[in-house]
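What follows is a single structure, and I will ask about it in a moment.
Here the chain labels run A, B, C and D in written order, and each chain numbers its own residues starting at 1.
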Amino acid sequence: MDFFSMDGRGFYVWGSFGAFLAAIVIEIVLVRLRIHRAQKAVCDTLGSADPSGTENSDAGKGSK
Amino acid sequence: MSLFKYSAPSSFYPLAGRLVPWFGTLAFLLAVGGLYLGLFVAPEDYQQGEVYRIIFIHVPSAWMGMFIYLVMAMYALLALVYQTRLSAMMMEALAPTGMMFTALALWTGALWGKPTWGTYWVWDARMTSTLILLFLYVGYMALVNAIDDKKRADKAGALLVLVGSINVPIIYFSVKWWNTLHQGASVSLTQGNKMAATMLAGMLIMALACWMYSIAVALCRVRAIILERELHAAWVKDIREVRT
Amino acid sequence: MSAAILEGRDLGLARGVKQLFSGLSFAVGSGHALVLRGPNGVGKTSLLRVLAGLTEADAGEVWVRAKPTQRLSAASRSAMLYIGHANALKDDFTAAENLTDQLALDANPASAGQQLEALKVVGLFERRDVLTRRLSQGQKRRIGLARLHLSRGAAHKRVWLLDEPTNALDGDGSALFLQIVDAHLAEGGVAVIATHLPMALSGKVDEMHMREIV
Amino acid sequence: MSAVLASEQELSTPERGVWLTLTRDIKLAMRSKGELAQALAFFIIVVSLFPLAIGPESAVLKRIAAGVVWVCALLAVMLTLPRLFQSDYVDGTLEQLALSPYPLPLLCAGKMLAHWLSTGLPLAMVAPVLGLQFGLDASELLVMVAGLLIGTPVLTMLGAIGAALVLGVRGGSILMALLVLPLYIPVLIFGAGAVEASLAGIDATANLSLLAAMLLFGLVTTPFAAAAAVKISLD
């Protein structure tokens, strides 16, 4: 509990760390969405005969 | 010439795909180590108390914000001189991450300032220059997004970043000059009190983590950009065929 | 063609995802005109802009006098005279002022007397001091004709790149245009003309038909 | 043959390119004096708004005078930047400039000079009157005018790059402000700083010479950057 209160300034410390974490998580999600969409667009232009799900094979490895 | 092989988007795409997990993993491990050092091992600062721990993300963010702009300027030079398409794509891939780190530096700086100096914002030289750096990122992204023709957007963005990067030292100098003239709040974040070795180590490790993260996320984004641009190129079809 | 003044070598250009042309090669010799034909949107204007150096080709090179030229290099700029859809005229200047300015930019040494003479030839002498905003489209086009008239031959800006030059011109104007181009070719000039109208030039004319690339 | 010689002779003096665009743009500006007056009127009106918003205490006004005048000069210059290339871009003149045998950087330099003569210079000329409204005295006014005379050309030169980059782009003028304003900050700091220094009784030459250094650096570099931007926008 002491750890989280940070001398009673937990708001500032965890506000910083929280924003940092949130920004990075959001960025990772957005980038992965973007590459998924790009790969889907490639599949679409190659014709509908493309089996779905293939694009996850490499995007899943995206920045962890 | 083998180096130039990878300046073609078609060969860079798979290479970047192979590199992303490595840099991503490295970033994750470093971040875990750095945060452990920063939050649990490093001692409390005898002047600022616990709140100084913001340093472990504030300083790396500020560094990355500046460093990424510098890297973009280098790519800008390559894009304009050697006309390599990939350099411009790398710029476009780096800009959002650089902007994010710059914004985070401002945000964490404000949250640090309030308990430490009693105000969220001081017009101190470093904070002010970081704010201007954020404006430079905004300008670049706005310009590149506003131009439909990708070829033109690449070159225009590169020229803007080049002009901006020449201006950055002048801006820093002028802001510093202005700050001393007004004898305003000169905020010294790291000087004054000697940093414990563990503090320094934690900060450096976190900076390294941010660096690796930036590489991973930029490589991932550049892959998306390559696919978006080369949607109709022949090699893209080959890649999909290999994968299917 | 040994005396090729202007050559396109393997030129390729895409706009967005659309490939306008690729592997396009041709040569135009002294005294020759090349007429570009093809439907709208096939890339005639783009090709002219590539030759002028305004647009950068994705592939290939433009050669002038058997030498490869960089986009907008000094050699290219002193050879190319480009007249596009826009007339490059200032509404607030008179016809005569506009002509003087254009020739000055071309580094064309035509004297004031020669300029008045040229305005007479294109039928703008009486209207030379009228602000360009009060001229008709065809009359504006004729200022360009005066510029061409004074740029004939091999002396300067030898390669003419003309985009739909007879647009807005009446019958007389078109005939005048043909005369000027013929004179230019006879004096050793070169012209590349994009048009969808018949071009009854009396000199040596090649035609290039551009087609949509699927 | 004589024509060949003549054209070569003329090109042996490429600096004539500066003169060409300078005289042409000045002449154009003189034909539409209304536009010139607009920028000036904007400058005067916006500066006059500040006392109304802040109150007429002379100590406060004197304190903010330099900043207000400089920010307004900056905005006034920025509003006129589209004039540099926009109409030339639309009517096809810019293509002809790029294709002229004269080097494009020199032609751009001439345009910048014309732009400064028709905006920066008049602004610097009216500034003392506005400074009087804020209670500045003669020596401070002198420093302010000197600063504006050295600083506004830099605003024009940096602005030319931005103006060329946004040609034909959606939302051009706001976008241009985004690109250009951050680059204007050093000029603002040194320009306003000069007046503040003289207000505080310090020698203002340090500020002014820094502005002059920027001017010299800009003179050498920005015509090339603007020319490159024009080429990019024509592509």
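The rule we apply is simple: contacts are C-beta pairs under 8 Å (C-beta built on N, C-alpha and C of every residue); 3 or more make two chains touch, one makes a residue touch a chain.
From a predicted model like this one, the values you see are computed outputs, not experimental measurements.
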{"item": "Chain centroid nearest the full-protein CA centroid", "value": "D"}
{"item": "Contact-richer chain pair (by C-beta pairs counted) among A-B and B-C", "value": "A-B"}
{"item": "Inter-chain centre distance, chain A versus chain B - centres from mean C-alpha coordinates, in Å", "value": "17"}
{"item": "Averaged-CA centre spacing for the pair chain C and chain B, given as whole angstrom", "value": "48"}
{"item": "Separation of chain C from chain D, taking each centre as the mean of its C-alpha atoms, in whole Å", "value": "35"}
{"item": "Where chain B and chain D are represented by their mean Cα positions, the distance between them in whole Å", "value": "32"}
{"item": "Junction residues of chain B - those touching two or more other chains", "value": "149, 151, 231-232"}
{"item": "Touching two or more other chains - residues of chain D", "value": "235"}
{"item": "Where chain C touches two or more other chains at once, by residue number", "value": "56"}
{"item": "For the chain B and chain C complex, residues of the former touching the latter", "value": "149, 151, 231-232"}
{"item": "Footprint of chain B on chain C - complex, ascending", "value": "15-17, 56"}
{"item": "Of all residues in chain D, those that touch chain C in their complex", "value": "1, 3-4, 6-7, 10-11, 20, 24, 27-28, 31-32, 87, 90-93, 95-104, 231, 234-235"}
{"item": "In the complex with chain D, residue positions of chain C that touch it", "value": "52-56, 72, 74, 77-78, 80-82, 84-93, 97, 101-102, 104-109, 153, 155-156"}
{"item": "In the complex with chain A, residue positions of chain B that touch it", "value": "17, 20-21, 23-25, 27-28, 39, 49-51, 53-54, 57-58, 61, 96-97, 100, 103-104, 107-108, 111-112, 114-115, 213, 216-217, 220-221, 223-225, 227-228, 231-232, 236-237, 240, 243-244"}
